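Letters A, B and C mark the chains as written, and numbering starts fresh at 1 in each.
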Amino acid sequence: MTYSVPRDRALKGLTIAAGVLFVLAMLMDFFYVGPEKTQGEAQRIFYIHLGSFLGAFIAFAAAVVAGIRYLSSRESRWDILGLASVEIGLGLSGITIITGMAWAKPIWNTWWTWDPRLTSITIMWLAYAAYLMLRAGIDDPERRRRFAAVYGIVAFASVLFTIIIIRVRPDTIHPVVAGPTQADPSGGFDVAGRIRDTLFFNLFTFSVITVTLVWHRIRLENLAERVTRRKLDVLSEL
Amino acid sequence: MIDEVAARPMIEAQKLVKIFGVNPVLRGLDLDVQRGEFLALLGPNGSGKTTLLRILAALARPTSGTVRIGGWELPGEADYVRAQLGVVSHMPLLYDTLTAEENLLFFARLYDLPRGERRDRVHTMLRRVGLHRRARDVVRTFSRGMVQRLAIARAVLHDPAVLLLDEPYTGLDQDAAALLDDLLGEVAAAGRTVIMTTHDLRRGHALADRIAILSRGTIVYDVSCHAVAAADLPGLYADVTGAVTTR
Amino acid sequence: MSAPPGNAHSTPNKPSAGRVRRPVTAYWRAVGVIAWKDLRAEIRSRELVTSMILFTLMTVMVFSLALELDADARQNTVAGVLWVTVVFAGMLGLSRSLAAEKDRGSLDALLLAPIDRSALFFGKMIGNLVFVLVVAGVLMFALTVMFNITLIRPLIVLFVLLGSIGFTTVGTLFSSMSVHARARETLLPILLLPVVLPILISAVRGSTAILNDLPSDDWLPWLQLLVVADVIFLAAGYALFDFVVEE
């Protein structure tokens, strides 16, 4: 698969757009929105926290779609999409976990607590780390792609679990921003006014960033494949 | 309608390509085998014989190309193809913690042989391969030759229309090989379609109706056994396989 | 893929192969035959269940020594001890069950049979499920005696049953992938644990709530989550196993 000029140009445009959006989002996080009344400055990290989780969710959902498409078509580009999505999703959910810890230190007075939500997102992260282990453990490339597709689909259960556990398990101290909750979590706040604007802008920004990163990762994989093929060609000519 | 079907080859494979990673194992292989024909498939190691048989047995999926067996298409109608196939591979395909009888009964059930006939059929087959005295012994205690005999009984248990044999003579002693010769002669006489891979050129020539030589993923030579003398076969084999490998 | 269950005996407008066409083995019969085969082999050798039960009892010993539990603490941890032990003992069985089929080549024999791939999946899964349930049953009895907490109650049994179904479903699917990997023994837990954790957490939390005689509001959501997870995983196994075993 060669890379066409228009496609390269589109990616470049998207990359610049993502960069500009990110700068704007950061400006909003730090200057547009005021400090939250109970949590103060620490609350600003929340926009990145939720934004990166949405990005990870999009990426892992893309891995499910890629898995289904790969199994039905056997075209390796779907496998590359799956791999790219999982890697980017791992990075983004890593950001979610780290920003969560940074926020928890001043608010909950601890870096880490065995709260169901924290536990479940860590498990989700581990499930996708296992995806990479699975790929590394299978030698035959065709089988590796097939197994990765199957695992990428099933592992999404851990993403769903992370999202729904808070509804099943009301004793979490993690705040629930979207939807109703029976409990009174410590660290909750109202989403309205400037906070809402900033939140939605960040969610949008992180979605764009996710798509951009996945695209870059796909491009990298395609280029790496081309190098391998060239190497084989050169070797076979010797 | 029936005539039209009967006139078609039992096995039709067209433009089969199988690529493992970056290695092409089959490169556009075409093969037709007529109903009741016995084909000996020869070729050096790595020429794609086993891969071809695995594709015909619906165990592996070709990268591209089509296969029809008995009018059914792979992989879409694999279940119907499987019901007509008997396979002997390098692996015994048996459970060594079960007895000979239990193994065959298990496969008889799996192939849905009628309840009333199962036991009779199993015992007939055990007697046929000379294992009826060991019917209640666990397969783990069997010698290589006995295991191979049981594997053959397993393969023909459901009276398949097509037999795929991958090196069935490997590891057999003289007696077992002679028994297998007899069995295969019987099978061929019963009008089954057989493909057998082998390194044994002489035996292949003696048993088969037709010989095909596979090299580097395609059939490089295909001839009726009547058209070639057994004595000429080794020279011919070296020519066609050597000619391709030195290209 | 192939004929759906229940519809296995009818294929309209298919050319007859020139012989009497053998119908494909009925779906649930194939499931039963495969599960029964595994149980039969296990009843004979008792290798797997014996080692699983011994492992289980030793793990309970290690837990009770390591945690130095008093009566109150036991009440709240016994469900955790139960499930952690069942999962690790179950993993022993899962990796063995598929590895044995693959290494002896008997997996090919199953794949050659005219049965739906998902029937093979459910057959293996039910075999594994019975082993896990036997181990869980022994463990529940042992914990009841040694921890002096009555675990054998209908609701706890229900949780164990549902949890085991989900665990063995994912376990059977993943172990049929991990057998192809280089480091299969280490890969299976890495793949399996994060994905079955929703089941594990639900089962542990739900069981603990029941043991503490809490109202149904405290365990019913876990039961619902468990049922949903089971349904999702069963559907995933049904749809995806086909892709795992092909070549």
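We take it that a residue touches a chain if its C-beta (ideal position, glycine included) is under 8 Å from a C-beta of that chain, and two chains touch if they have at least 3 such contacts.
Everything quoted here is computed from the prediction, not taken from an experiment.
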Chain contact topology (line, ring, star, complete or other): complete
Chain pair with more C-beta contacts, B-C versus A-B: B-C
Geometric centre distance via CA averages, chain C-chain A, whole Å: 31
Distance between chain centroids, defined by C-alpha means - chain A, chain B (Å): 50
Intercentroid distance (Cα basis), chain C paired with chain B, Å: 36
Multi-chain contact sites of chain A, meaning residues that touch two or more partners: 140
Chain C: positions in contact with at least two other chains: 246-247
Of all residues in chain C, those that touch chain A in their complex: 170, 173-174, 177-178, 180-183, 187, 190-191, 193-195, 197-198, 201-202, 205, 221-222, 224-225, 229, 232-233, 236, 240, 243-244, 246-247
Interfacial residue positions of chain A with respect to chain B in the complex: 140-142, 232
Chain C contact footprint on chain B (complex, rising order): 1-2, 5-6, 10, 35, 54, 57-61, 70-72, 75, 77-80, 82-85, 87, 89-98, 102, 106-107, 109-112, 138, 154, 158, 161
Contacting residues of chain B [partner chain A, same complex]: 19-22
Chain A residues within the chain C interface of the complex: 71, 116, 120, 123-124, 126-127, 130, 133-134, 137-140, 143, 146-147, 149-151, 153-155, 157-158, 161, 164-165, 168-169
